[in-house]
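Below is one structure; the comments refer to it alone.
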Amino acid sequence: MIMKYINEFTEGDNIIGIYLCKQKNTATTRNGKEYENLTLADKTGSINCKIWEPNSMGIGDFAANDYVEIHGKVTVFNGALQMSIDRLMKAQDGSYDPKDYLSVSARDPEEMFRELKEYINSVQSPFFRLLLDSFFTEDEAFIKSFKTHSAAKSIHHGFMSGLLQHTLAVCDLCDFYCKHYPKLNRDLLITAALCHDIGKTRELSEFPVNDYTDEGQLLGHIVMGVEMVDEKIRSIKGFPALKAVELKHCILAHHGEYEFGSPKKPAIIEALALNFADNTDAKIEAMIEFFDNFPNVDPSHPWLGFSCIFDSNVRRTK
Amino acid sequence: MIMKYINEFTEGDNIIGIYLCKQKNTATTRNGKEYENLTLADKTGSINCKIWEPNSMGIGDFAANDYVEIHGKVTVFNGALQMSIDRLMKAQDGSYDPKDYLSVSARDPEEMFRELKEYINSVQSPFFRLLLDSFFTEDEAFIKSFKTHSAAKSIHHGFMSGLLQHTLAVCDLCDFYCKHYPKLNRDLLITAALCHDIGKTRELSEFPVNDYTDEGQLLGHIVMGVEMVDEKIRSIKGFPALKAVELKHCILAHHGEYEFGSPKKPAIIEALALNFADNTDAKIEAMIEFFDNFPNVDPSHPWLGFSCIFDSNVRRTK
Amino acid sequence: MIMKYINEFTEGDNIIGIYLCKQKNTATTRNGKEYENLTLADKTGSINCKIWEPNSMGIGDFAANDYVEIHGKVTVFNGALQMSIDRLMKAQDGSYDPKDYLSVSARDPEEMFRELKEYINSVQSPFFRLLLDSFFTEDEAFIKSFKTHSAAKSIHHGFMSGLLQHTLAVCDLCDFYCKHYPKLNRDLLITAALCHDIGKTRELSEFPVNDYTDEGQLLGHIVMGVEMVDEKIRSIKGFPALKAVELKHCILAHHGEYEFGSPKKPAIIEALALNFADNTDAKIEAMIEFFDNFPNVDPSHPWLGFSCIFDSNVRRTK
Amino acid sequence: MIMKYINEFTEGDNIIGIYLCKQKNTATTRNGKEYENLTLADKTGSINCKIWEPNSMGIGDFAANDYVEIHGKVTVFNGALQMSIDRLMKAQDGSYDPKDYLSVSARDPEEMFRELKEYINSVQSPFFRLLLDSFFTEDEAFIKSFKTHSAAKSIHHGFMSGLLQHTLAVCDLCDFYCKHYPKLNRDLLITAALCHDIGKTRELSEFPVNDYTDEGQLLGHIVMGVEMVDEKIRSIKGFPALKAVELKHCILAHHGEYEFGSPKKPAIIEALALNFADNTDAKIEAMIEFFDNFPNVDPSHPWLGFSCIFDSNVRRTK
Amino acid sequence: MIMKYINEFTEGDNIIGIYLCKQKNTATTRNGKEYENLTLADKTGSINCKIWEPNSMGIGDFAANDYVEIHGKVTVFNGALQMSIDRLMKAQDGSYDPKDYLSVSARDPEEMFRELKEYINSVQSPFFRLLLDSFFTEDEAFIKSFKTHSAAKSIHHGFMSGLLQHTLAVCDLCDFYCKHYPKLNRDLLITAALCHDIGKTRELSEFPVNDYTDEGQLLGHIVMGVEMVDEKIRSIKGFPALKAVELKHCILAHHGEYEFGSPKKPAIIEALALNFADNTDAKIEAMIEFFDNFPNVDPSHPWLGFSCIFDSNVRRTK
Amino acid sequence: MIMKYINEFTEGDNIIGIYLCKQKNTATTRNGKEYENLTLADKTGSINCKIWEPNSMGIGDFAANDYVEIHGKVTVFNGALQMSIDRLMKAQDGSYDPKDYLSVSARDPEEMFRELKEYINSVQSPFFRLLLDSFFTEDEAFIKSFKTHSAAKSIHHGFMSGLLQHTLAVCDLCDFYCKHYPKLNRDLLITAALCHDIGKTRELSEFPVNDYTDEGQLLGHIVMGVEMVDEKIRSIKGFPALKAVELKHCILAHHGEYEFGSPKKPAIIEALALNFADNTDAKIEAMIEFFDNFPNVDPSHPWLGFSCIFDSNVRRTK
């Protein structure tokens, strides 16, 4: 069945399909009757929905962030589209493709992950290799999470596999730096690039929620990443203490400035290089995503408005 | 033997005594002869010394930061006192009292430690108690280090047992806050107060060196303290994850501002209270120590000059 | 008669009761008829009200910030509750309890004031005692105002007797500091703590208005407090000039930073201590009040959102 | 007798003359003998002097900041000129001209004061006139001090009558503004211009000391100026409260920014104008004085180095 | 015909008149019919208008920023006035007075320009005169543009001939400075004052659009002004390189601070003076315009609210 | 003749050789005799020299920044080496190799320039090619200057051909970015990379002086570079205005922040990318050069001290 996307809904449509329930709460009408208030979403948008008879036969159990199969009718209320739902049940795994509901990387995660593994294989230091393998080869739960996670709730790489895409781009940049500046210790820098944002797998919850976790808000992905590295290193006998400290410093310092949450400024050259690679990819990607939010711009008014990240009005190059 | 303090030396004195060797390096005279260049110190000051015959019989092996027993003669060179040393050997443990050489807390460390233990005993939560005991009751090496460490290389509490004195003061302030603001979770706050600066036992080396370690410079005592807590918690079965995260957050946020090295700002009320306790004791003590550096001030010119910490000229209250 | 609070109003209610008139203005309907537009409030909320026949018999004279006894009917307009009032007259003093209309300190003002007087009695210096008595014992108008004033229009201690509660808390903290740091001059510090915010009695108008006065906006409570102290000191023969200057400095510097409106940074230790006491109580109370604004939080989403004061998301400790 | 200026001293000179004693302290030679260590100065420079026989017949009583008549001989020590003094006595008033010793305004103080009085006479408001007269016509001590005071210890207008010269320039600028922007209230602005820095007569001590007073450091000239205005206004029956507040606001806000010590930012247009007049004269005069410190600049290297005030290298216009 | 201003429109009016079309776009009704959505404006306000039959006989061609002569009827929709237009054609030049539609300087542009020319004639240096004449005497297109341009899109001098009025005020201030501070090079300063904002003729488009141009956003009026000066200087044979550089420096540095877009801080005294003149006129005018936005203020609530430019609440002087 | 480097001089040496005269001034002995005071330098250091008989036969004409052939004798004065020169004449071009006197790039300038030309040849846009050729192919004086210039007086790339080396590195980074982020307009970015620092050829004078020019200090290389581009573009008929503006924007914005002298923040993606390329190469190179200043570091004290650029202590990676 071809999916009907939410941005195609018009008044009067009868909709049958699977959508992601982003929010759900119970409300009461003026005359005291309970009803359910939902937000259903797909990758094209979202719509406010009502279940006026929540306890009727056709309405199954479900919760926020479930995929639900519904039957409803599109109406107009106060000038906005709304859907009344009379049947709803949780969708079965496999009956839908998450890519229809969530924004995803333009690149194939498996292909990106293979490229990532090549970087791991290029690391010569046996201890760094052991550490990297303990994450990216042996830790199945971590690998699964790392492949699908976003790199942010919003701003940049805030889509499925965004963390993987960003990590790979940072590796690419660092690899290029190593060729250009031979004084850089490639093993340290590539290892740090691979690990710099692993804390995000715990700072942000899995899709479709993709929101800050309690622990994430209290500790932040920088410190959480250091803890994760620390934990793995403990299990690697003979890991050189000095190398562990330098690696952890690179992770701590990769935001470059105190006000961006790094408790230390880069004090060794690989930490400096990692900071530039991270920042370069984050900002360039953020500007590309900013442009993507304005797909159709009037060429006679090409300016897209003020961007807080860039502290400037921005526009596409002509 | 009554010690002759360095600030009492005058030209022509023959000195026999034990002093702390702060620095040592080998130099060469214009005519190519090697000699040793030393700085000897006690708590009253320091003096530049020369060993013109470093390979002679009377000169034993020694290194920087050793206590050395010397025989020398005080001369004047370029208007400053200098000592020529003809005999030197490492002093035996027990033959000197470190308090003659290093600044120490005005309070007795054992007494302060007993007060600290009372705070530990006042914590009701069994898991926090286990954690605190794992540091302050069971870990002998930690206890030994914690009792003598400074809280800083300079600035405030930069003396022996300064870390203990500061930690106790922070506990006192937090204890008072708990009485005043009943919404504070006392167990969490007292535990956080006790642990907030434990990372300093690794960030700074032991006396007499008392300087930043390599790891200390790269990671900082805030993250190191979290790691130390993390390590102990792992060994406590069933430690509630949520409590661990809140405690670690308090430690991370205790400097209060990004620019002071906290990667997170206080997000819970105990973190906020800890930040105030830490800052209050640090700054008030820093001003007291600033005054102590000017013991004899002309009452008609009571101002002590500009203090960077306080961004102001300061003076004693009359 | 049991008062019906505004948050209990529902459509169709006939209301008879006394409410505080926060705003009042005259408007005109499309067909040119004048009516009165009011905001009535109590401590639980506020409601927009209309007097469609402002010149009718049942409508007496009144002004904004009056307590008014009304008869009205609750309706719904554009989805919000509204009240049509057909009878209204100014309420008589004594016929209502301001605590039903304004937020007030949780503590009894008289009890707090007694505690404050004990601090005054503990001051040894006769001149500081004379000064404190000239405010807190002899100046009836000041005492009356001080007991009921808020410490702010909003943010922290923005309720009746908030100024008294905050001043007492600052005294408590300073008293504790004096025990802990014997170098503090207790007489100076306690006197400064008692006087530090007295300028707020003129910077903010009395309840129920509790808004910045013209003078308050142009001069600020810091300078106004110094002027008030200056005025009293002039009438105390022989008051030592030096003590007057130190006290005024403590008041001027109690915000600690230029950007918070202090024209001087703390230059003596009592000014520093006062700054910490003021800031500690203000911020901890502000966080408590922030929590109080979210009485019912879903435990699975405990974060309360971004707080500008704390520059962070905040949440209750679990 | 033609004065021999210090910048003309050469080795071997025998000097008889009157100089200003800027500093004086007692020292001890290595062999335990007391001697006096002096700094004598005139407007061309200063010289270190020794009185090796302080208790001899020829050495009278004197103190720092006295003008002293001396007999001495110029020698060279460690490459710098030094003077040995064998006779010294306090100079009599009238036997010297302070202008030989202190930098003074290029303009005649009496002439400047006459211009100032014209501004006072141009003020129409009777209350502002009474206030201005109470300072500039009736208060002899104030007038004497105001005429000779500097406007700063250094930086700009740090010379005799600098306060008068700066105040007059600020009046000139404000007068021009009033012609250009008719919305400005001239009476308020001219009164504020005349009073804006009167606190400096108490913040800085009289020449030859010209240093911050204790009160000056603790309160600052902004608040002190407001207090002085406050004091005079109290004695003027019927002074309009509103005008007093607006005037005091202008004084408080005249530094324009919190970080420059103004506890309030300009909130009325005269305060804004005063801030610009004060800042314009201060900065332009500071640059002129900066140039005057480099009288002879090599035209091929006209840049005068980095100026902290201007946060830039500066050079004369060619 | 007496114009009916938009702020006089009431429901049911039939309007015939000329208005400025600020915006125009095509929309579609729910049932798929196209209509035109317009904003018409005059100097008193603006009104949303609809052309329900855009292809009818009475509707001529027109575009945004055209003056259009219309026939329409005023209705009320959702509580706001709206106009349905049934006839519309572009207005002929000369049939309307732009001053009815756009805010304009209170002064006559020709009179201001004559005053400007007097400043030009007062410049002695022949090369600066040639440069000034090349703009203000010979370049007709520039003169036409300069006379009508605003100095800003909003904030200060954002009206017709605002650029001319501001430039003249800056010249007046600089001229006064030259009299007061003889060290200023008048020729350089007056020339710089005249040229400092000429780049705004290209940074902002002509009225009625008065918006940032593409080039304006990418380069800014400071650099564009330097380029314009550079271009003219090239055509003046023998223009002294040094004078050209000093003049360009004054233009570059006239915003005074990096964060305000000046790539250089004032390094010569004329640049400093120009910065003060520009800032003084801009800020005082901005406060006057701020007041003008609140023509009728309740004297009992004279405060006009928070102004971002002044970082303060502001009010009129009483 | 093998050159004797200054760091090899010892007391008593008779020196014959060619050195660079960095400074020269005339002084007078105490007894009134004139002599010359010189600083001679080579790449290993510098030495203070005296010509006691400046008017003698053996002393030819010369000026600061000349290479001079001298005969002198090394002595010791006040503990430092000094040279008395009795013969001196200007060295002939070709008789010395500047690399012995100035620090130079480690790479061959001609080879780097060839690589630069390849980037030019890779630009497809004919107008950008014309522009680039007008600088790098046709303008001999520019090419000569560009090949030898430094990129800074100090800090990073402050050596001969440093500008070329830095420009090439920025091109390399931008070229890599273009492969990674296909949305970048390669022609614009490579052209901007090649031109971004051309203003430095005028901001800094040629070696051996390598100091800021008068124009450089007043205008800065960013604006000067835009002017140079502007000048060449004028001579290219039909150069698209839009492309010119985008290119100039990239140059203006390449420092990224106002406080670093960019009058505009990056508003298009190529400006953003150029900013990252410039900053990445500048900072990484600066850290490498920082390390090079400490060739021999004690491995037990590897920290090199505080670096202002990096706002941190730094150390080599172990």
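The chains carry the letters A, B, C, D, E and F, assigned in the order they are written, with residues numbered from 1 in each.
Note that in this section a contact is a pair of C-beta atoms (placed from the backbone, for glycine too) under 8 Å apart; a residue touches a chain by one contact, two chains touch by 3 or more.
Note that the coordinates shown come from a computational prediction; the quantities given were computed from them, not determined experimentally.
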item	value
Neighbouring chains common to subunit B and subunit C, by label	A, D
Whole-Å separation of chain centres (CA-atom averages), subunit B against subunit D	45
Touching two or more other chains - residues of subunit D	214, 217, 242, 246, 264, 267-268, 313, 315
All pairs of touching chains, each written as two labels joined by a dash	A-B, A-C, A-E, A-F, B-C, B-D, B-F, C-D, C-E, D-E, D-F, E-F
In the complex with subunit C, residue positions of subunit D that touch it	214-215, 217-220, 222-223, 226-227, 230, 241-242, 245-246, 248-249, 252, 258-264, 267-268
Residues on subunit B engaged by subunit D in the complex (per definition of touch)	11, 76, 302-303, 313, 315
Sites on subunit A touched by subunit C in the complex	30, 214, 217
Residue ranges of subunit A touching subunit F (in the complex, touch as defined)	169, 172-173, 176-177, 180-181, 183, 185, 188, 242, 246, 264-270, 272-273, 276, 279-280, 283-285, 287-288, 291, 310-318
